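Labels A, B and C are assigned to the chains in the order they are written; within every chain, residues are numbered from 1.
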Amino acid sequence: MTTPSPQAVPTYRLSQLAAMVAGRLAGPADPVITGIADLATAQEGQISFVTTEKYLADLAASKATAVLVRPDMRVERPAIEVERPDLAWAALLDVFAPPLPHPQPGVHPSAVVETQLDPSVAVGAHACIGPRTRIGANTVIHPNVTIGPDVQIGRDGVIWPGVVIRERVTIGDRVIIHPNAAIGADGFGYNLIDGRHRKIAHIGTVVIEDDVEIGACSCVDRAKAGATVIGHGTKIDNQVQIAHNVRIGPHSVLAAQSGIAGSSTLGRYVVLAGKAGVSDHLTVGDGVRGAAGCSICKSLPPGAMVSGLMAYDHRQYLRHHALVRRLPELAEKVQELSNELYELRQAIHDRK
Amino acid sequence: MTTPSPQAVPTYRLSQLAAMVAGRLAGPADPVITGIADLATAQEGQISFVTTEKYLADLAASKATAVLVRPDMRVERPAIEVERPDLAWAALLDVFAPPLPHPQPGVHPSAVVETQLDPSVAVGAHACIGPRTRIGANTVIHPNVTIGPDVQIGRDGVIWPGVVIRERVTIGDRVIIHPNAAIGADGFGYNLIDGRHRKIAHIGTVVIEDDVEIGACSCVDRAKAGATVIGHGTKIDNQVQIAHNVRIGPHSVLAAQSGIAGSSTLGRYVVLAGKAGVSDHLTVGDGVRGAAGCSICKSLPPGAMVSGLMAYDHRQYLRHHALVRRLPELAEKVQELSNELYELRQAIHDRK
Amino acid sequence: MTTPSPQAVPTYRLSQLAAMVAGRLAGPADPVITGIADLATAQEGQISFVTTEKYLADLAASKATAVLVRPDMRVERPAIEVERPDLAWAALLDVFAPPLPHPQPGVHPSAVVETQLDPSVAVGAHACIGPRTRIGANTVIHPNVTIGPDVQIGRDGVIWPGVVIRERVTIGDRVIIHPNAAIGADGFGYNLIDGRHRKIAHIGTVVIEDDVEIGACSCVDRAKAGATVIGHGTKIDNQVQIAHNVRIGPHSVLAAQSGIAGSSTLGRYVVLAGKAGVSDHLTVGDGVRGAAGCSICKSLPPGAMVSGLMAYDHRQYLRHHALVRRLPELAEKVQELSNELYELRQAIHDRK
């Protein structure tokens, strides 16, 4: 592994950074900026950002030397004015990013590589790559990765340490797979015959399209037949489970610890919050949003926003949730009505 | 790793396949079959299956050259009639399965093996196996696996890459452990003394009986004393957590992301759906079924079927869930009754 | 790896054990004790414990040769009387614990270590350690661990097999990280620009303070800028997800499969039960307790105890939960009231 010494910190004038983000230098000076941070943790010499007025108080308490703001904001300290301070700040994260600690191009002598690789591919120590596997230019395979035979990986990808990719998996360009993820393990399928769970062979594979990112300790199982598919541009967080024969459309986002059961299909731009679940054999439409911890157990039309176990419409869920919290009052009111009705009947009876 | 070239695709006449599954050739021809798929993804030359009439429309749209059907079904294309098309299809998955990419028998020169192994055992590159560990005939240890000392593993097992098995664990015959699972890590137990969590030594072990399968990134922790036990034939999916001193009976099925807290006991043929949880020190009877996302927090008698956080009877849960969704009506009706009662009293009062 | 043969079982007189735990020998004899177990699994020669009278029946059925009890308990078999039998039993677990199977001090010849290490540090087979990384005295790095460059790890730590620690992470003294955990992976953050999720660089790091323990397959992501922080003495179970920029105070306890979303802050002595979740950008006060499967989606004051999806006060939650289960009765009662009111109006009407 190679990284330049961390002492080599980049420094810029604020005006240089303003030019990089197409912003306007504002405020009292053009200081030297040596780092980037959020408001709470920023130190002297660092640049932070404010998106809305409500954070101006936090800015006042921040040690940040400079700040990215909207053009309509007035602040006392050195600033860059841009329409989207949050995006400009993200762009500056790239500017200040230390280089990633990738292995050098070429194969580390301790790696066990049973295929021919382009010289631009980097393979770290103790990585194992099976026969007939093809890896595109500039892709980085970190130490202790295991890749089976007949795998295809595109160019400009990064496979972090400890990842396992089993045989015949296909992975596109610019794919990033984080530590200890498992791609292409057998799906979970059995037939119960004479009281025993007989394993169903999973002879299919996994297809991960371009620009996908898969989080640490996440799992994408191979299909029974055909392929489990992760559409291009979809981003998957840590500890996410994608079962056999699932198909996820492009540009979806699955937060940590979410899970999709076998053979379900998700559309484009689906967003699942943390710990959301989708049962098997469902169709989840484009742009569906599932709240944290929801359990989707029926198919959903495009654009639905759902919450809860046995998830349904989020706004209805909120309304019902609020009513559940008022159940003590409701039960009491029913008891009062019952009492009043009783008294009224007594009164009428007595009057007879 | 060795696999035959993927080009060597098996081909069969449909009549040959019919004989393999004890089915009857039906339909207009005896075509050559070169693969297997589900209806939606099948290509020309492939065989698929239909279990019930409702999928006949999907069959009509499928490119499958042949299909497995029930004897009472009438279809236009080449077919095999069998009582259970789904089981026959699973059997044909085995027929078309490419060989698994296992390391060759013997120890890869890069592996670090501190024990004597049967020559039929296969140990992949960079695997580490500790002293006094014993492994049965034909078991396969994939690359980058780490197995501690004094472990026992039975015969005909498969330990996929990245798995960690700590010291003194006992594993039966025909056990499959998927990538990056962790077997025998310390249980999670502390005593809070003077404001600090003091670690409790976990000196026990893990016993995994015959024919168990454990999913990718799943964890089975070792016992404080004694053993955490996974009963024979039990199947565990990906990202499942089995805490210290748990005992799971035979033939149970735990779907992905389910978790069992410390010292709980599950019976035989228990089925937990995805993300189901079981609290500590509970007894879950034979054949209990827990729905997706349920949280079992009291012991359950055999055969119970439960749902929900603080899980209870599934049918009751469905009924209550439906009533929660009708709370707006109920609250409105109570308000109406209140209004009517008020009016009635007014009317009576006015009449006096 | 080295361990003494497991045959070398320690044996003690019960009186010796009593001295070790500052207890009083009681009962009919001073037997030889060769092991330790819970009541249910104890064998002859082993010592177990009883904390309350309700377990005396289990004791009667136990094969344990001796038992730890409270001084006010009267039992028939050889015993040690101590105020806290549970703590004394935990202390005896340490006494009977076999030595952990750590690699020898020094670097295994197959490890790839690009930095200078103290000779007391143990590095197992196939471990990879990057340049400029510093590791304190007596720390143990197990086989197949990958540690990036510029990492700092304190003394007396244990990093179990398969763990991945990325560049620039800082880890304190006496930290234990269990198999296949991932420390310092990129946080999950994107900006949606022109329909595509653009990756936000995560240039920050992770700080794990002294005496922290992190479970198997758990993930702690690096910060966008600054650091994700795990406070000293905090204990994290298996398959827990800690997102970028989270800050957890000292002495907190996070049970298995819990997860904290980005930028949330947890106080001191927070306890999350299994599968509990915390949404992003929240503040969870000191001593908060979250029940199993709860989903905390707003900030909580110190000492709160919460349950449920959209978690709120645990006692209220229990009350509402009980009322939900009585909704069928409530709905019926409302219907009866409606009927009675109708009849009453009819009666009044008829009387006119």
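Just so we're on the same page, contacts are C-beta pairs under 8 Å (C-beta built on N, C-alpha and C of every residue); 3 or more make two chains touch, one makes a residue touch a chain.
Fair warning: this is a prediction, and the values are worked out from it, not measured in the lab.
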Chains in simultaneous contact with subunit B and subunit C: A
Same-residue or different-residue interface between subunit A and subunit C, half as cut-off: different
For subunit A paired with subunit C, centre-to-centre distance based on mean C-alpha positions, whole Å: 24
Residues of subunit B engaged with two or more neighbouring chains: 110, 126, 144, 162, 180, 217, 239, 257, 275, 293, 309, 324, 327, 330, 334, 337, 341, 344, 348
Subunit B-touching residues of subunit A, taken from the complex the two chains share: 110, 112, 114, 126, 128, 130-132, 144, 146, 148-150, 162, 164, 166-168, 180-182, 185-186, 188, 190-191, 193, 195-203, 217-219, 221, 224-227, 239, 241, 243, 245, 257, 259, 261, 275, 277, 279, 293, 295, 297, 309-310, 312, 316, 319-320, 323-324, 326-327, 330, 333-334, 337, 340-341, 344, 347-348
Residue ranges of subunit C touching subunit B (in the complex, touch as defined): 1-3, 5-6, 35-38, 41, 86-87, 90, 93-94, 96-98, 100-101, 108, 110, 124-126, 142-144, 160-162, 176, 178-180, 211, 213, 215-217, 233, 235, 237-239, 251, 253, 255-257, 273-275, 292-294, 307-309, 321, 324-325, 327-328, 330-331, 334, 337-338, 341, 344-345, 348
